[in-house]
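One structure, as structure tokens, below. Some questions next.
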Amino acid sequence: MLFVARMDVVFPESMTDETKADFQVKEKAYSADLQERGIMKGIWRIVGEYSNISIYEVDDLDFLHATFQGFPMFAYMNVKVTPLAKHPNATTDDFFRQL
Amino acid sequence: MLFVARMDVVFPESMTDETKADFQVKEKAYSADLQERGIMKGIWRIVGEYSNISIYEVDDLDFLHATFQGFPMFAYMNVKVTPLAKHPNATTDDFFRQL
Amino acid sequence: MLFVARMDVVFPESMTDETKADFQVKEKAYSADLQERGIMKGIWRIVGEYSNISIYEVDDLDFLHATFQGFPMFAYMNVKVTPLAKHPNATTDDFFRQL
Amino acid sequence: MLFVARMDVVFPESMTDETKADFQVKEKAYSADLQERGIMKGIWRIVGEYSNISIYEVDDLDFLHATFQGFPMFAYMNVKVTPLAKHPNATTDDFFRQL
Amino acid sequence: MLFVARMDVVFPESMTDETKADFQVKEKAYSADLQERGIMKGIWRIVGEYSNISIYEVDDLDFLHATFQGFPMFAYMNVKVTPLAKHPNATTDDFFRQL
Amino acid sequence: MLFVARMDVVFPESMTDETKADFQVKEKAYSADLQERGIMKGIWRIVGEYSNISIYEVDDLDFLHATFQGFPMFAYMNVKVTPLAKHPNATTDDFFRQL
Amino acid sequence: MLFVARMDVVFPESMTDETKADFQVKEKAYSADLQERGIMKGIWRIVGEYSNISIYEVDDLDFLHATFQGFPMFAYMNVKVTPLAKHPNATTDDFFRQL
Amino acid sequence: MLFVARMDVVFPESMTDETKADFQVKEKAYSADLQERGIMKGIWRIVGEYSNISIYEVDDLDFLHATFQGFPMFAYMNVKVTPLAKHPNATTDDFFRQL
Amino acid sequence: MLFVARMDVVFPESMTDETKADFQVKEKAYSADLQERGIMKGIWRIVGEYSNISIYEVDDLDFLHATFQGFPMFAYMNVKVTPLAKHPNATTDDFFRQL
Amino acid sequence: MLFVARMDVVFPESMTDETKADFQVKEKAYSADLQERGIMKGIWRIVGEYSNISIYEVDDLDFLHATFQGFPMFAYMNVKVTPLAKHPNATTDDFFRQL
């Protein structure tokens, strides 16, 4: 099952640049692992914003929530999740290639 | 360049079921052609809504607008377009397989 | 997997009372069937509105969309779907009794 | 009488992880008590958010407000309450089993 | 238990002035009855709008929904209901006199 | 003349519990005085929120603003004021009893 | 007492140009009368919109609502009313000259 | 040319009462000067809010922005500006008297 | 003085394609004239929408409103106008070439 | 390809005036460079707000995002980007002169 998420990151005023950089390193590793395991099917930056659009394939909503909660920056993210179904006009069941 | 669109369809009260069905046939063919030509990289139904999330790869904004305007149901759609850039945490430049 | 939906019904101005009543009869049968099959776990009226809050248990998002699309009044509904996960403070995995 | 609530938790920037953890322990106990007493009929996490959807059965609005105000994290919650009535298409008066 | 409602009336374009006037006569009678029975504790026009703010005292949410649904103009109203509890700064349990 | 207000209280993160409690004592006295003088005709808690709905009878808008500005917690309140007129379906000019 | 209103006019699709022109003639006469009587202190077009910002001086909210309801186009207007008080930085109690 | 502005003031949590009072003194002088020079044609408090509605007559948008930016509290204001044109139903070109 | 406008076009359901095409021809001529006279400095389609972003240079707000009202499709447009001033980081007073 | 952006600047409460001034100097240099290189085609202040409307010509969305991210104040900006296409009523392909 596919879900698309929009994630907006807002860091608190008091966070140092070092802490931010450290979060970004951890975030990158976490995202890479999700991609490698085929959970995160795609992730893109929204132009001009500290936000992403990302797509997830999971079997289970508890697992999906755990996936979001596991993001190192989760406490600083607003996440909005939209469940997706097959569109009648899609010519394939799977648009994504194997990473 | 990638763009994600959200399209919401609202048919007028006076439209007959025949006209709607005819639009849907034309829409399916138009979407299939966009997918075959690699312009529409993916399309999904938003669960519970007469709406889709779709992703487009184009070289040019005039072409992109023409692509939207060419949808048979364009006059009955609200389309919101978001430009996407490569995300630093993406492990690939291209998540989509060749249809 | 559980999903909560809010459905708002808006009938077009031209619809006769007979057509509305006919829709309501069909809707009642459709909802009863979903309840009997354990797909619709609960449905409540939002006080003062022609709207409901309802909860669905399904294994699959395509099936969930098909369930919504199957509502006789689907063309006159705005449906907003929210995916639900187990809450850490829940004392049970299943709050609903078998209908 | 049933009410559905959506609760969004926002902790202040200055709160330590220890304080947060302490709040979560107290919150869990408070929620368990409400469930045991049949006041909270269900509680679910909204996928991707630090939020819940929960359903309450109470006889009295003063009691309901006191119930919300009693949550250990109440000062850090935005709570929106929606009153629910029996839906004409519901096949039962009570969807919830006895916890 | 007290609930405050905001009701906005929107008549369809096709409704004749006679039908509107007829609705208003029925609405007045219905409101008077609710006031006499102590269900509607107060009703006021929002200045400049075809809207009201009204307050209801009821024992039961099903009865409250039935009360709203019984308004002759219900199909042309948007109703938003807010549940009210005793305020700690209120000097009385009941602000309303017996009509 | 009657006005209905919705007041939402948001205390700053740095305010101590003692200061909050002190504000609440002063607020209670201020509200009691307004009720005794017949200026505040009613005040109710919105269930689940740190908010109230309150109704004011005043002769003058400058006096009304001064009344709001006089609330001890005014600096921490968002206040939205709606002017009310007699509703044609009201069976009385005055729903409120003398406190 | 002063109130500022924003009025947005939306004519139904079926209204003929003749009817619109007739409404506009009546509206002009009604507005002129309000200005002459010192009730409407000012009226301006919002640039680019079929909307106005207008200011009213009245002694009474019932009279103010009656004034709005008396506009020939009232049924086609959305009116939002904001009550105004003297500003501490105003150098006069009355900015408006006698028309 | 006339413009109407709505200004909402939000002071930061850390600002002392002395600083606030100092700002208010400077603001009063600045507003008085604008009124004397015929730039600010009127200013009113929105009842219940730390906000004003004010009207400006200027020849130039750069000058208008400089006027707003010159407010001592500018850094703590949200300002929304609406351009105004003569309304066809206005009986005069100038509603304001000379201060 | 420069103003940026966003215009959204919504045609009524009953308008024929011939009428729409006729409006578009008149609109094109009207826009060309505004560009030739240096009033409309630029106009662009918002990708995916029946909307434009356009920039106007005028000396006067009455003239600006008359310019908008003169658009053949004005009755079917929602127009939002934003006044613009010179930005301190602009390296020129005039970004536009003479058409 | 052209994109229009709206940028709103919000500095944190703790930032000193010196830091703000330093940011503004760097921002001015960065903007000047973008203008000289023909990337930023125009930039204007929104009257009354700490915001700008600016137009960008770029070949690539990654480059566009990098351009936004390169603004010295990027961490304090909300940026909303809208893609633009040629409008059928435009009399030229390029409204902007060479800076």
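By letter and in written order, the chains are A, B, C, D, E, F, G, H, I and J; residue numbering begins at 1 in each of them.
One rule holds for everything that comes next: contacts are C-beta pairs under 8 Å (C-beta built on N, C-alpha and C of every residue); 3 or more make two chains touch, one makes a residue touch a chain.
By chain, with names taken from UniProt: A, B, C, D, E, F, G, H, I, J = muconolactone Delta-isomerase.
Please read these numbers as outputs of a predicted model, since none were measured by experiment.
Q: Give the pair among D-E, H-I or A-D whose set of contact pairs overlaps with that of B-C by over half, matching residues by number.
A: Selected from D-E, H-I or A-D as the counterpart of B-C: A-D.
Q: When the contacting C-beta pairs are counted for G-I and for D-E, which pair yields the higher total?
A: D-E
Q: When the C-alpha atoms of chain G (muconolactone Delta-isomerase) and chain H (muconolactone Delta-isomerase) are each averaged to a single point, how far apart are the two points in Å?
A: The answer is 22 Å.
Q: Report the inter-centroid distance (CA atoms only) between chain A (muconolactone Delta-isomerase) and chain J (muconolactone Delta-isomerase) in whole Å.
A: 28
Q: Suppose each chain is reduced to the average of its Cα coordinates; what separation in Å results between chain E (muconolactone Delta-isomerase) and chain J (muconolactone Delta-isomerase)?
A: So the centroids are 50 Å from each other.
Q: Which positions in chain J (muconolactone Delta-isomerase) touch two or more other chains at once?
A: In chain J (muconolactone Delta-isomerase), 2-3, 13, 45, 47, 61, 64-65, 81, 83-86 touch at least two other chains.
Q: Enumerate the contact residues on chain H (muconolactone Delta-isomerase) facing chain G (muconolactone Delta-isomerase) in the complex.
A: It is residues 2, 4, 24, 27-28, 31-32, 35-36, 41-47, 52-54, 82-92, 94-99 of chain H (muconolactone Delta-isomerase) that touch chain G (muconolactone Delta-isomerase).
Q: Which bits of chain I (muconolactone Delta-isomerase) are touching chain H (muconolactone Delta-isomerase) when the two form their complex?
A: 1-3, 60-62, 64-66, 81, 83-86
Q: Where on chain C (muconolactone Delta-isomerase) is chain E (muconolactone Delta-isomerase) touching in the complex?
A: 13, 45, 47-49
Q: So in the complex, which bits of chain E (muconolactone Delta-isomerase) are touching chain C (muconolactone Delta-isomerase)?
A: 3, 5, 12-14, 61, 64-65, 68, 78-81
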